[in-house]
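In the part that follows, the structures are each spelled out as structure tokens.
First chain A sits with chain B, and in the next complex the same chain sits with chain C.
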Partner chain A sequence: MPEVEIDWPWQYNFPPFYTLQQHPETRSKQVAAWKSLILNYCEKTKNYTIDVRDTNQCPLFNNSTINRKLEPDIIISILGELQRTGNAAPVDKAKNRWEIYWHTLEEWATIVYDFINERGMQNTVVTLYELTQGEDSIDTTFYGMNQDVLIKVLRVLEGDRKCELILEDDIQGAKFF
Partner chain B sequence: MNRIKYTSPLLLDGESTVAVENNVRLYDGDQKTSFEGGELIITTHRILWGRPGQIARGQTCLALHLNLVVFLEEESPSAFSFSRSRKIVLHLAETNDSPNGPQLTSIYNFIKLSFREGYTNNVLSLLNNLMQTRPWEAHIPSPITQIQPDKPNIPTIKQRLGIVGIERSLQQKQKETDDNINMAFQDLSKLMTMAKDMVNISRTISNKIKEKQGDITEDETVRFKSYLLSLGIDDPVTRESYKSDNLYYESLARQICSFLEKHVEEMGGMMALTDVFCWVNRARSLELLSPEDILNACKVMESLCLPVKLYEFSSGVMVLQLSSLDSSSIAEATASLIEDKESLSAEELSQTLGISLTLAKERLLTAERFGKCCRDDSIQGLIFYPNLFLTKDE
Partner chain C sequence: MRRGIGVGAIKKEKLHQEKYRGKGNQIQENQLEQMSKQMEVFKTNLEDFATKHKNEIRKNPEFRKQFQEMCSSIGVDPLSSGKGFWSILGIGDFYYELAVQIVEVCLATTAKNGGLISLDELRTKLIKARGQSKSHQEISKDDLIRAAKKLRIFGSGFNVIPMGKDRYMVQSVPGELSMDHSIILQQAEKNTAHVSISYICKELNWENERCQKALEHMVDQGLAWIDSQDPQEIQYYFPSLYTACINSNA
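What follows is the complex of A and B.
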């Protein structure tokens, strides 16, 4: 994970941020703050997955300067909130591993398709590796995207009949229309 | 002497030995008899006399049933007698029993027991005691015949054989439990009917009190009600009058109020009910109030528009607080305190305000309910912070 300078919001150093608030209005503000913080952090660090079980090492949920950390059950409930807006999805049934989408899958799909259109790469087969690691896409936001997430994005496009996924053993790519 | 019978020295049912004396001679009236130097046993039912060892061996002895004794006295020893011998005179009642004794007729109505060597137990008072308590009447002994005619012992036949027997025993058991249950519930229903009566009585009396409000003083009314309460009778009528316009509680409420108002103010506008109880009773020294009286008095305070009133937190903690003070102003005040100190725990707040820990916590929770502060629950305890979530601009 590359060291990225993150400008933490003021809440990050506010101890009550790490306790679920009782007052409904306060709580909604708190949860909202957490949601945006998680998305921001993941976007900055290009983190496509979060494992709730090892959040202790993650500075996002563990603020060692004020010695506070967010409990896993609260993390799960906040990620659940993110799931409702399409910004996260649990990978396993126990809801321990989560994929985080700071752009929703639909947004990603548009971004990827726009990229293809700009380059005039319709009707050609592009490998997944090319898409996320290729020289052309170095400047794109989806550079270095987690492959599982990318496949989900392409499936959205496939549903719109804008591409066709090819998932063979020797070649993993997509043909865009 | 004709009342004395030959009998077996075996004790009767319910009979027990009271005292044993040795070297006793029997007199028929004033005349000495040949029954001398014998052993005398006083039981709860009879006086037994036998020659030494006779009784121990279970051989026939002489017996006089105590119910025949009318009166007894000690014969005062003659002035010239230096012996230790003492005599007790037993005056006897007439009897029609067919005599089975050493002497069929006697001209005397009394016999004497002569203790040649005095007696070790206080025979006279023992006998007098027995005469008074009459223990033999508790169990009337069947006349003992020395040798029972050999009747063939026919045991009562219980038909326990076969299925019929089993069924019968089951039936019997069922009947027994039935009877037991009936008995038990008879008592219960008795109790219930009695309780109903009691409640009815209390109701009529309290109705009378209501009618004659003027005739009976306030004190008497209260006293009567307290009697009813101490009996455990919860009369709805009296209860109602408690809640609404009971003069006693109203005056009590006013008294508590005038006394505590200043203190409540000093304590930040709130005082836990336990503290109220202590303060009030401390002030009243001997005329102590029960917790219930205080609670009831506090309950009517609000309806009387007094400067303090009872307030119950959602946790159930009850306090007296200034009427001018409501939850939102408490929340406001607490929030500004938190703002000053940046963060506050219940301990810190209780120290700053000089109030109890429970009250401090209640204040913080109230402030939280109003969204004036937010909590930080960590291993360091529950600490409250200004609610920056709502106040701070993004």
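What follows is the complex of A and C.
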């Protein structure tokens, strides 16, 4: 995980933030704060996936300074909330592994497609590697994007007939229209 | 000397008493009249004074406080006087404006503090919100308390809770807070924003049940958060007293 400065919200060091609150209004404030913290954290650290079984090692859910951590079942329920707004999706049935979308797949699709248009790269085949690791995309927000997420983003574009995915053994990429 | 005896003496005595009473009444009336005159003069002077020092009253919070005290000593409330002489001062307007701003700050911070805010935080936020253009008008805690108390006319939604020693909290959500609750707040304030049942029981010599009931009420009001990961026992936290929460702009 890259070292980045996280601008922790005040709740991060507030011990009861790690206990699910029973009072409905308080809880909805708490969940809302967790949702935005998770998205901000993942965006800053470029973390496209969260494995609920590994959260003990993750400073996001385990604050060793105050000795508090968020239990996996609570994390899953908050990720479930993020799923409802298209900001997360479980990868496995047990809901242990999650993809996190600080931009929804539709938003990412627009961002990628705008990039292609600006560069005049329509009607050419661009490899997945070029898209997320290439020199041209160093300054883009999707630089370094997880490949599974990228394919989902491209599927959205494919659905809009803006690209065609090519997932062969020898070439993995997309042709944009 | 011959003592007065008989009917004549009694009559004479009565006459004296009546005279005394008459004189007494007269003196009292005189005094009352004089007092009223003095009050009238005082009121006129106060009005003169207010007109003359209008700007100072508006600008200087200490001046304003003392002026308020003078007014209340003769039963004039420049805050409630929207009409007549006192309205030209605009003092009422000043407090109405403050009251509106208090409501705004309280609403803006309810999301994080559950509708309870210390007067200090309220003042800092309010002064910031008023912006630079009005920086010449200094706002004191006394001003805020006066203005906040005016908000009571809207019902139980606004309350100023004394916390002892020039410390206050303003509650902006409906829901009664009793003496027990404000005492708990005071305890939490000196214990980095949290308390536990045994802590309160020990500090205040309360019964377990009394303490539990009060704390649960504050959780139900959205004022306290529960932390169940403390190794000893459940802790009750108050965001309205938690420094990082107070200092955050979110």
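To be clear about the criterion, the second predicted complex is superposed on the first by the 177 of 177 C-alpha atoms of A that agree within 3 Å, B and C clash if a C-alpha of one lies under 4 Å from a C-alpha of the other, contacts with A are read in each partner's own complex, and residues count from 1 in each chain.
Note that a residue touches a chain if its C-beta (ideal position, glycine included) is under 8 Å from a C-beta of that chain, and two chains touch if they have at least 3 such contacts.
Being a predicted model, the structure only gives us computed values, none of them experimental.
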Superposed partners chain B and chain C on chain A - clash or fit: clash
Partner chain in contact with A:22 - chain B first, chain C second, else both or neither: both
First (chain B), second (chain C), both or neither touched by A:13: second
Touching partner for A:85 - first (chain B), second (chain C), both, neither: neither
Which superposed partner A:68 touches (first chain B, second chain C, both, neither): both
First (chain B), second (chain C), both or neither touched by A:124: neither
Clash-bearing segment of chain C, relative to chain B, as chosen among 110-118, 128-136, 146-154 or 164-172: 110-118
Residues on chain A lying within both footprints (that of chain B and that of chain C): 10-11, 14-16, 18-19, 21-23, 25-26, 29-30, 67-68
Chain C contact footprint on chain A (complex, rising order): 9-11, 13-19, 21-23, 25-26, 29-30, 67-69
Contacting residues of chain B [partner chain A, same complex]: 343, 368-371, 374-378, 383-385, 387-390, 392
Of all residues in chain C, those that touch chain A in their complex: 111-112, 114, 194, 219-220, 222, 225-230, 235, 237, 239, 242, 244-245, 247-248, 250
Complex contact set, residues of chain A against chain B: 10-11, 14-16, 18-19, 21-23, 25-26, 29-30, 33, 67-68
